[in-house]
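First up is the structure itself, then whatever we jot down about it.
The first chain written gets the first letter, and so on, giving A, B, C, D, E and F; residue counts start at 1 in each chain.
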């Protein structure tokens, strides 16, 4: 399972990277989201998979999976949500202001 | 030009559903200590309920009945979380030291009370406040 | 803190007071300031008796003692000689400046602050024993000379000259710093005296030669040696008192000082010998040759200074051969050149200071320094002419002036250099006297130009900017007269300074005992005298035929000069660096991301392979069910849909699908809390995506070049493969048991049965607290993004 | 005890899934939004109710665990699914999504037309 | 256990949150902000003295023993940076009152500024890898909002790039954390250090170390600095000053912490790599700085150069090099904020950032000009100002380690700094005065206090280095002996 | 036996979801897509329920209700949007 997930993570990273490199705001954000999904999977994989039951003490008949990565992912998900929300609104505002969603047109090297 | 839609069905069900959602979110919030759930998820569910109200009614009429500045609510939430941390220090403990105990309350029977719950209240408030702030900000931008 | 410290710090202290007093003064600020150098000079004079007996004084003042950085000073013959020159000439220059700088028109407080800063730095520099303090003051002289050169900062030329001087001298300073640091690492001390004591260790080190070269670069830049000499002519933009002070008597001598000070450490080695004497001679030749051509009096003096510094430098180089021997006649034989160097250094300070002041007077009274405009001033300014006569003849090396003595000694030194036989390439030394002689001829010529062109001939008033040219005020004449008198005085009583100043200084330079030298004005018809006579004959011949042979200057076009090399180099550097930087700083984020991806992941994969980090261990892997595979396939399919679709709603929804499949994964991986949170967050994210992107243009099919797609493809595959490999390695690379078992006591410890929740609110509650703070900041951010807009919002 | 739970729950859940499948087939096969809405909401609501009740019974019987959340869930789904279908259909109609050719009647059409006419007159 | 440690983190946060509740009282907000930062400064000094007297101070949050809970650890290095941060923040916010504009103040500028300080201080103090990530996010989000605050075209555009790159680097950071957790099974920095020391730094761990280096390198502007010039020149001076002074320094701090506490087993590989990156950074930064004629660009490239310098000292990994790095780091924080503030005033006065369009400011603003001059000299490392001890000891350290090329590049780049900064001085302050005082677009009223204060500090750091040298040497000791840090964290408890 | 039965149910459910996805992609109108999404949500609820039985855990019951709530809100939001062009109205 871990090996399978490693490959999935790799694929998600590849797709995410491809999207990020595509100069279009929406695609970039989609790519970033995919990568953050991949990372969440990676963290939980790193904690070890299916080594026990859910980390709830009430069903304590079996062992528990590692709860630490789960807590980390929870924090990461929330932070990621916050950042994505900000980035989305930012990109929307940038588009409105500049009239383009192509990062290639947002170089800003010309003197303003 | 179309006639104005009649939203009676939606409004009625929305009110009912909102009550269920709020109940559920409170349940999720309380359950967090022992079952899946907790402040964050409870807060988000509450926010979802509020969004549902916004959806089927409109922002102004909800604001009229629930006059809350969500930014302040969020700030207060974070402050609560911080101050539960500080509270421990007055008793000479470390910052964020949580305590819990079991109390025999008249109605609920033996109940566990933990300062962590207060912390979670802060989390929930912060989440609700932020989520609604984001949603209303965006929708007020006449998207 | 000793009295000597006080003397050195006195100029700095005076600086602090100047801003407070200068506005209240009715008299010229210089009258106050002049007491500072005068006081120092008098007190330095009082050191002579003790120093001339061969004593020295060392004092220490703590600065950063715990780092071993202390203001250690050391007063020996060399320091005293320099200190007297600095404070003596300083006094005269300040007096001179009182008449030169107009009280009402100039920002005098700035001028004197810079001057005092410089003076203090210079005094400290020559008596510092600590290399880092030496460096500190060295840079301070650069900075203060920068400020002085750019004193008239409105002028473009002043600024350019100042910057050039600053860049070159700071460059040298940095090289010197590197050299000094290397020295201090080798000798494990910052004290120059201790380095000299441990010279054996230093000479054995493999870093000896680099340190030597670096320190010499420092000395050469400061002393305007070829090819670093280019800053000095441009530094003439400074007010003339400054030129007289910095660029004849003091700052440029700092390099000489450094070479002299370092002689005990480096002297006796072939590299040092060849570099110092060789560069010195080249500079001597170059300076005198270029000086002949100048039409600006100050530029002429600048090149003559370069030339004279080369002379001193070459003598120091030749004299360093003395260090090859530990004692005996041979040492004395070569040490004579060092003695000559010190003597000429002193003489140069006197006659060059006088000459600069003369030029300043001419400039001040006539308004120009261009020799093509000037002429016949002798009749109007007899006193000035007399001083000019003394100064230029002394520089030309004619009796009865001190220059004659040191010039003769210079020839002696060069002749003795031909007998050097302990270093390789010794045949080269036979060129030394030839070069010395030729350069002396040119020196003779420019000295005559300096004397003849402005003072003899016809005065053409119409060419001069100022009307009614007259003799300078007496106050302005006093300082050059004093210097001129000194020039004559030294010729007649050379051994007075020889005994009390030069021999102790020589002793300090050599750091070894040699018999005291006597300066003799007449020693028969030796080779030296014949050389001098030859110089006069040829010099006069060439001077009168100057128009016929100046054609040879055209052989060297201006574009090839080092100066134009510097200027075009600077310009090119700006252009090249802008074009280089603009090439990679395109402003397009895709390029930046490409760099980041390529660098990060290629470095990672190289590191992983290079450090033998790849080792797989699948034994700890958990089982796979069909359902898992289904979920994984669905996930990958959804991800590919996100990539390939051209419909933005589809892209967003399929991204959401990936998120929801994550929920399923979390369910499989026994993470209910995660599943719940992911579920809600994914919904909210998707909703936000839809809200924000509904009004944006459609994704559409963009026609991108093949190269674009191929680059993306290669980079993304690189990223994916690297991440996969690293993750595979990591999964089999658990070295320790994780700390999670502790948290399984959550119920006893935190009263919670949900371990994840216990971690979130209790064990790692701090994370959660900050996490909601992050969320909150994002909320505020969204709010301000939408609410706060600049006036005249031009959104579409 | 456990076996009876498995049997009851198994049967209910299986029925639920079948209903869900049928509803999905309906969703694919039926001709227009409005008809598909029947299949989508009604059938799948029934399906999910069966599954949820089965689950509820399973835990009730095997563990004696009565989940209020599940009950709440059942109520919620039962309450909202029809409304959701209603809202979608209305939106579709107002967006002028065409009815299938075979539709027998379109009462709203006349009402909308009348309303429009009235507006124009005003 | 020392509860004081929480205050530098929590006080700005609380104050910032309270400002949200008082949206209209700008004056009160200003006052409170100043008071908060002053208190934080005071507490930092207090902690610093405790650290120097009693050794490294720790606070296990929630009272959970070391590897399980999150711990704040104040060793001398961290607390020195916290102190500097507080001082710099104090000056920058003082500066902002006059320049930032009512509009921004009404839109929570003060809160965001304080949140940023929370993030920075927290990053310095935390002893937990994941918590470090969280603090990074706090400061990053605050910085995102601060860069975009105002909503001008340029700001939005540059924020976009800034955010994207930082999200990506945070993602890489999480990858590193995941691998680290897999290998060592813990998140506590000291615990990781212990475990890696026990197992040895094998190839995979070294690779992860390099991943961390690159991640923090992106944040610190080490070689992968491409995002930096744009985003630092977009916001107003008070914000870009605090960015220049603090944000890259957090990345630098993280690199130093990771490579002295955890990954110190293979210095000939990892530290050499840091050295190569530092050299490249120095060269590219120097080349960037000398070419342009725009104040903002010149200054931002100097930020990059600063990063290169500091890490060159760490690359050497000798006592001198580390000492130099710390001195340079502290001075850089002070002098960068100073020079950005003055640069801001110049732009504020002339209304342009193009050097070719300004001239002769010194006639009307002599003090500003001379303070810029002092700041410039300090930046170049001209003694006896603050920068020189750092420069000398970094060079010395590089030489001692045998990295002569690194020391040489550092010195050559000093010359480039000199050229670039003096270009500003000579073009902005010297030359003919072309605008009279009446024509200026702004005044220097009220902004001189922080500038003077920072100038005094940078002079004092050089002349009065003896006063803080004891602390700096303690910091060096702490960095070179990771055992001190570990002992303080575990406080004698058994290490699981 | 029981577990196989559950797996079978899950597979049937997956097929149902696939049908729904077909409708989601095909459309043709936005209303169709929203409807399909709604159906997927409801099917997911069933899936989770079956999965809970299969795993014999009540850890995921919250998820069931949550999916219900979110799918309802999503549907309403979409419908609102289709009907009025805005998601949340400032004032009616």
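A few notes on this one:
Note that in this section a contact is a pair of C-beta atoms (placed from the backbone, for glycine too) under 8 Å apart; a residue touches a chain by one contact, two chains touch by 3 or more.
From a predicted model like this one, the values you see are computed outputs, not experimental measurements.
Path length between subunit D and subunit E in the chain contact graph, taken as the least number of steps between touching chains: 2. Touch-path distance (fewest steps) from subunit C to subunit D is 2. Averaging C-alpha coordinates per chain and comparing to subunit F, the farthest chain turns out to be C. When chain centres are defined as mean Cα coordinates, C lies farthest from subunit D.
Compared on C-beta pairs in contact, B-C and C-E come out with C-E as the pair having more.
Computed from the mean C-alpha positions, the centre of subunit A lies at a distance of 26 Å from the centre of subunit B.
For this pair, subunit A with subunit C, the centres built from the Cα atoms lie 49 Å apart.
Mean C-alpha position of subunit B lies 30 Å from that of subunit D. In subunit B, the residues that reach two or more other chains under the touch definition are 5, 10, 17, 24, 28, 34-37, 40-41, 45, 48, 71, 74-75, 78, 82, 85, 96, 98, 130, 134, 137-140, 143.
Each of residues 10, 59-60, 62-63, 65-66, 69-70, 72-73, 76-77, 80, 83, 87 in subunit F touches at least two other chains. Counting only residues that touch two or more partner chains, subunit C has 585, 587, 589, 593, 670, 672-673, 675-677, 680-681, 683-684, 688, 691-692, 695, 723, 730-731, 734, 738-740, 743, 752-754, 760, 762, 764-768, 771-783, 785-787, 794. Within the complex, the subunit A residues that touch subunit C are 1-30, 33-34, 37-38, 40-42, 44-58, 64-68, 70-71, 73-75, 77-79, 81-86, 88-93, 95-97, 99, 101, 103-104, 106-109. Remark: subunit B residues 5, 10, 14, 17, 21, 24, 28, 31, 35-37, 41, 45, 48-49, 51-52, 54-61, 135-136, 139-140, 142-143 touch subunit F in the complex.
In the complex of the two chains, the subunit F residues touching subunit C come out as 7, 10, 14, 24-25, 37, 44, 48, 51, 59-60, 62-63, 66-67, 70, 73-74, 77, 87.
By the touch criterion stated above, subunit E contacts subunit A in their complex at residues 130, 134, 137, 141, 144-145, 148, 151, 153-154, 156-161, 163-164, 167-168, 170-171, 174-175, 177-179, 181-182, 187, 230. Contacts from subunit A toward subunit E in the complex involve residues 20, 25, 28, 32, 35-36, 39, 42-43, 45-47, 68-69, 72, 75-76, 79, 82-83, 86-87, 90-91, 93-94, 97-98, 103, 106, 108, 112.
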